[in-house]
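Some structures are shown below for you to check.
In the two assemblies presented below, subunit A is common to both, partnered first by subunit B and then by subunit C.
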Partner chain A sequence: MSEEEQEMITKVEAPVYLKYNFTAGSAPTRFLAQIKKGVLAGQRCPKCLAVYIPTRGSCGRCGVPTVEEVELSDKATVQSFTIVSIPIPNNPIEPPFIIANVVPDGANVSFIHLMSECVNEEVHIGQRVQAVWKPEDEWGYSMDNIRYFKPLDEPDVPIELIGKLTVTGEEG
Partner chain B sequence: MANLAAVVGIGQTSYTTKREDVSIAGLVREAAVNALEDADLTWNDIDAVILGKAPDMFEGVIMPEVYLTDALGCNGKPMIRVHTAGSVGGSTALVAASHVQSGMFKRVLTVSFEKQSESNAMWALSNPQPFSTHLNAGAGGYFAPIIREYLRRSNAPYDAGIKVAVKDRLHGARNPLAHLQKPDITMQEVEESFMLWDPLRYLECCPSSDGACAMVIADEELAKKSPKPPAWIRGVAMRSEPTMYAGRNEVNPQAGRDCAADVYKQAGVSNPRKDFDCAEVYVPFSWYEPMWLENLGFAPEGEGWKLTMEGATSLDENGDIPWNCSGGVLSSNPIGASGMIRFAEVARQVRGDAGEHQVDGAKLALGHAYGGGAQFFAMWVVGSQKS
Partner chain C sequence: MKEIAIVGYQQSDSRSDAGAVNEVEMIMPVLERTFAQVGINNAQDVDFVCSGSCDYMQGAAFAFVAGVDALGAVPPIKESHVEMDAAWALYESMLKIRMGHADSALIYGFGKSSPGELPIVLSQQLDPYYLAPLWVDTISLAAMQARMMLDQGLITERDMAEVVSRSRRNAMNNPHAQLSGDMSADDVLAQETYVSPLRKGDCCPVSDGASAVVIATVEKAKEWGVPYALISGISHAIETHNMGMRDITDSVSTRIAAERAGMKAGKVDVAQLYAPFSHQEIILTRALGLGDETSINPSGGVLAGNLMMASGLSNIGEVFNRIISGEAERGIAHATSGPCLQHNLVTVLEKAEKA
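After this line comes the complex of A and B, so read on.
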């Protein structure tokens, strides 16, 4: 092929890697220090009394700092969920798997985590679940200390009470 | 009191999976040149440039506005970059409008873009944070649970999302710029497509597109001299709310309701379904049509799906309030540009310049964009008349 006939090169892949050191800030530092000990710690808003996890140091509703720390249960309620079937490159989890928005007892907001040890088609809103932790010697400063949530043999939580249970799992 | 401003030029690229024939600079320039030609203007007629795109992590080009100054003819001219996640195309148009409404500039060029083929959006949206578990499930992993909650609250029939997916692709088949061209799509085809994030099927999700959109916005005096009819900007509003707070209504966000109320008040709209002739609303997943019909007050809470099922939002079914006549985000999704396309497409409608997807006699229309965890909202109302 002569020089003129060569196809123009329009794209080359040139991966660049950036490594970040994450500085947690005061509120996430407290959350991460507790989860390293296997404890789910939330923080209570002094104004509306809502309990946040993972805490970012303020109440998004009231715009005030949260200070008081509250130890939460690792039992939780499914607020909503999806069954993920899309294969995503480099994903360590084999689809299909469940991503659920779970509210731990004693908290008023949900966070997203995996659900496992369940029949995917039987997962439902209001279902009771509990954290399955990694072995203690693998705990770090990470939400990944919880491997996933598994179903609990407890009655469903009525819709209007999801996100309102006390730390002992009773109506708040 | 804001000065009057109007859209006097609109330029788009066609939308497609990979624009390998142009760089990012070539892509934005193509849209900008098209907008200038539409307005019968040259680079010298522009006072400032307002640029928007989704987060820099997408293409991995940090502060691309700096390198795009040459391509956008703004060496030595003021330029601003806008960031508001997926709503950015809409917010960018609003920032541009405000620079004219305030009297700061007489005529500005606004451009937004995404080159998804040079980016990895799924990766960019899933960078690990120690305080949440790393799930790497993409945008659908975040929005599907919210949609499931909408289904529970509204008791909508399971196929309302399928109907939106078909309707928007049939609209897109009228628009030669649309990425997906599926004139023969059927409910059955959508229903049988692969379930990605239950309850969202493959054909209920937006594609991944390359593309750019541009507009020229001018003050009243210059707009009157414009060769084509101006689209008068009758209302502008932005609102946002935190991603997470106790009691947040994720299905029907407060910020969206507040934003709509503000923009309707400015435009004198009391009954959106009746007062608007059409709307372009950011619907990247099918179920967001019924959800936003409610959030934007076109239907009572829990009843948005009824409008969808009745065909009220369909051009092909002669609906009274067609939504996303251009095919919407479900037919083309160059993320950073997707919001501006909504704003530009309603401007095309009220200028009577929307080709095969024109709504006959459209006089007043709503453009809408949302982004982040459905927490950033941008809206404008444009009309064929000044008031």
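After this line comes the complex of A and C, so read on.
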């Protein structure tokens, strides 16, 4: 067969399957054990005193282990958000929906979760929200124990105070 | 050109399973000890940081980024990463210093190999069209290499067993070793064949762990006031990924790297060779022309504990340790990557002249 007659190969199928026993780490393990009990547990840096959630085991700022555990509120403040209007492949949630960065009271960093029971167009930075939990008998080792965050009827937090509230929601 | 020195080296224990500990938790204690050895606080006190790791090991995408959480990277630091053994991260750091962009650097490597099936995971580093789809694992490839050597009369099974025996005995003096003990060549030969002609003892174990090194210009090392050893040469060379085109009973790239690094310019008191399989240590020793005056793998080498992406860096650290302790004046450290010693790096270290 001459070169012209050869079919162009545009694809080679070589599926890759690798199996792992993935472990979260010892600090994430402590976090997950607490969320199974319906508790949001942060960890405090011994050096700069920042409280992290969810925890990875170190203060990324200082490079030291975060050992002290701090129980946080399930009330939080919206630090940022986006309205998702297009369907995302393999995501069971129907658009439009809201993904928000929320900082729980007592923590200094935000985590990402969903927002619901709200008027999408009225969601804003500084808005107060609270976790809506699944029924207790459905709790597992997962952030999924919280269905979503819903708006609270509380005054907005000024931008410069977001991520600085105490666990009781006061100025830290 | 500025002379560059090693000023610190620490390694974690080599463990068959680090358990629930994640990357940052594995790295932090090693870095803490390294910083203490050099007398610095954290990565803010060096000009450059470079790490070596491979996300395929633990099966976690961007696992290497997690390593940065161990550094104290606020305010931001200059940082880089190689998806290779951290010995190559040291190579990159040397270039950074030689270019005048830094006077000091922290290098660390880590590997958590236990979560996956390492020999199978490593099959995915082979060429993607012909070899990777066959899932040829590293042990089988090394076994073919050993078989070629045995059939050509280049080695005997006893030669291989003697390498294993020396490794286990040397490792008795290495507190971080995973496999050590008073094992004779006869003990090794009494083991049943694992992947013919290899016995379990001929193969490095699967290990979890991390290591770290700090390098600096000689001026900076003197300023820190810590013992140091000079890096007088470093070079690496790679062979084709087409196994059929290589003479796998030899290591041409190791020989070339050693020549370029200036190994022959003096006596070699100690050589740390990265040989994951016993027969490969013989290939490397011959390729480098090392004789009885050289102590080979006094740490036990990777047959006693194989920290993927870190053991090549550890080899450099082990030679450094022997130079600053006065045990050796000059030595070489070797690192390898790819199947059957495809890619090789040689570093030459020397005792510093009294100031």
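In this section, the second predicted complex is superposed on the first by the 150 of 172 C-alpha atoms of A that agree within 3 Å, B and C clash if a C-alpha of one lies under 4 Å from a C-alpha of the other, contacts with A are read in each partner's own complex, and residues count from 1 in each chain.
Convention: contacts are C-beta pairs under 8 Å (C-beta built on N, C-alpha and C of every residue); 3 or more make two chains touch, one makes a residue touch a chain.
Everything numeric here is computed off the predicted structure, so don't read it as measured data.
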Contacts of A:158 with subunit B and subunit C, given as first, second, both or neither: neither
Touched partner set for A:24, first subunit B, second subunit C, both or neither: both
Touched partner set for A:113, first subunit B, second subunit C, both or neither: first
Touching partner for A:142 - first (subunit B), second (subunit C), both, neither: first
Which of subunit B and subunit C A:16 touches, first, second, both or neither: both
Touching partner for A:88 - first (subunit B), second (subunit C), both, neither: first
Most subunit A residues touched (candidates subunit B, subunit C): B
Partner chain in contact with A:65 - subunit B first, subunit C second, else both or neither: second
Touching partner for A:46 - first (subunit B), second (subunit C), both, neither: neither
Footprint overlap on subunit A, comparing subunit B with subunit C: 16, 22, 24, 28, 56, 59-61
Of all residues in subunit A, those that touch subunit B in their complex: 10-11, 16, 22, 24, 28, 31-32, 45, 48, 50-52, 54, 56, 59-61, 79-86, 88, 90-91, 93, 99-101, 108-109, 111-114, 125, 141-144, 146, 159, 163
Complex interface listing, subunit A residues touching subunit C: 12, 14, 16, 18-29, 56-65
Subunit A-touching residues of subunit B, taken from the complex the two chains share: 20-21, 60, 118, 122, 129-138, 140-142, 144-146, 148-149, 152, 194-200, 241-248
Subunit C residues touching subunit A - in the complex, by the definition given at the top: 19-25, 28, 31, 42-43, 56, 58-60, 66, 68-74, 114-117, 120-121, 124, 128-129, 132-133
